[in-house]
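Here's a structure for you.
Chain IDs A, B, C, D, E and F follow the sequence of writing; residue 1 opens each chain.
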């Protein structure tokens, strides 16, 4: 019954990549802790770049500066 | 001051049902732990079906398969 | 597959009360959203009173002041 | 490497205010715990008012009532 | 800068297994989304079995029943 | 009614420092968003260093290596 939450910034992952993340995390928990995939829950939060801060500034500001 | 977070997949709950969940959780905490409803916070996260995985696949894929 | 997280301050709930919270939340989701109890996950976080702040002070400080 | 999550109701903060929250939290962790801003992560969740409950009702209902 | 949180019940993972989970999740995010391991944060919450509910009962009760 | 969660590694903050974090975050939300301190909730999670990963390794391993 593990529960895994992945937070990434928005527009970074396609549906296919999100499927790979879900598959990969579920397999990892099965391999390492013998967890049953049928009860392994994975959720992905996609956070707007205005709403994600690193080094005291938003990712929006950081990417604008780095352009 | 309890804080409760409910995660469900998107488009599953109407505003009325969400109001029932908020009311129900608040009453439960008042009944069981004598918590003051005025400081009981409940948030509901509605997660896209691409972003919710169970049994190694997304809910989108699972529902498509089951149709 | 709902996932519910309940945060309360530490030493507030006995095992019996926690069982009532788990039962109550699961029944609520079954009643309101017809969710399957078998895949409804509930976790309870018990937070130390030094680590819970309200109105700018910790619960420890608040309770000491109110004694 | 602190990780801070701020939950507020939707449409309450402009990009500029969110930038101030990110800056403020990062500075606070640097000042109080000497944390490196470069590895301090802050995320802001903006929750719909239907999805935020206080005192057993949603913020939507509360604000409608108070108008 | 992804942030991943893994919740498992307590006493299920040794330090070595937790290290494998951290390594595995970080590699997965590097492989799938080309994320920089240096800024990928993984936290593991170990939840007491009284505090984890599935199918309306705590894991403690469930395991006692299944013994 | 903002809800703020701060995750730091264990044994990094004294009760006094945690009180400063609670005070600081509450004041920040009052200053920036005019939020009422009386309904601003702050929780601090202290995570064991085995349970916090950065750059694919646990903080325990990283600190041992850096000694």
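What we mean here is this: a contact is a pair of C-beta atoms (placed from the backbone, for glycine too) under 8 Å apart; a residue touches a chain by one contact, two chains touch by 3 or more.
The structure displayed is predicted, hence computed values, not measured ones.
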item: Listed chain pair B-F, C-F or D-E that repeats interface A-D [over half of contact pairs the same by residue number]; value: C-F
item: Geometric centre distance via CA averages, chain C-chain B, whole Å; value: 14
item: Rounded Å distance, chain B centre to chain D centre (Cα mean); value: 20
item: Per-residue overlap in chain A, given as positions that touch at least 2 other chains; value: 1, 3, 7, 21, 25, 39, 41, 43, 45, 52, 54
item: Touching pairs among all chains present in the structure; value: A-B, A-C, A-D, A-E, B-C, B-D, B-F, C-E, C-F, D-E, D-F, E-F
item: List of chain A residues in touch with chain E within their complex; value: 1-9, 12-13, 17, 20-21, 24-25, 28-29, 31-33, 35, 39, 52, 54, 59
item: For the chain F and chain E complex, residues of the former touching the latter; value: 7, 45, 47, 50-58, 60-61
item: Residues of chain E touching chain D in the complex; value: 1, 3, 39, 41, 43
item: Touch list for chain C against partner chain E, complex; value: 15, 18-19, 21-23, 25-27, 37-46
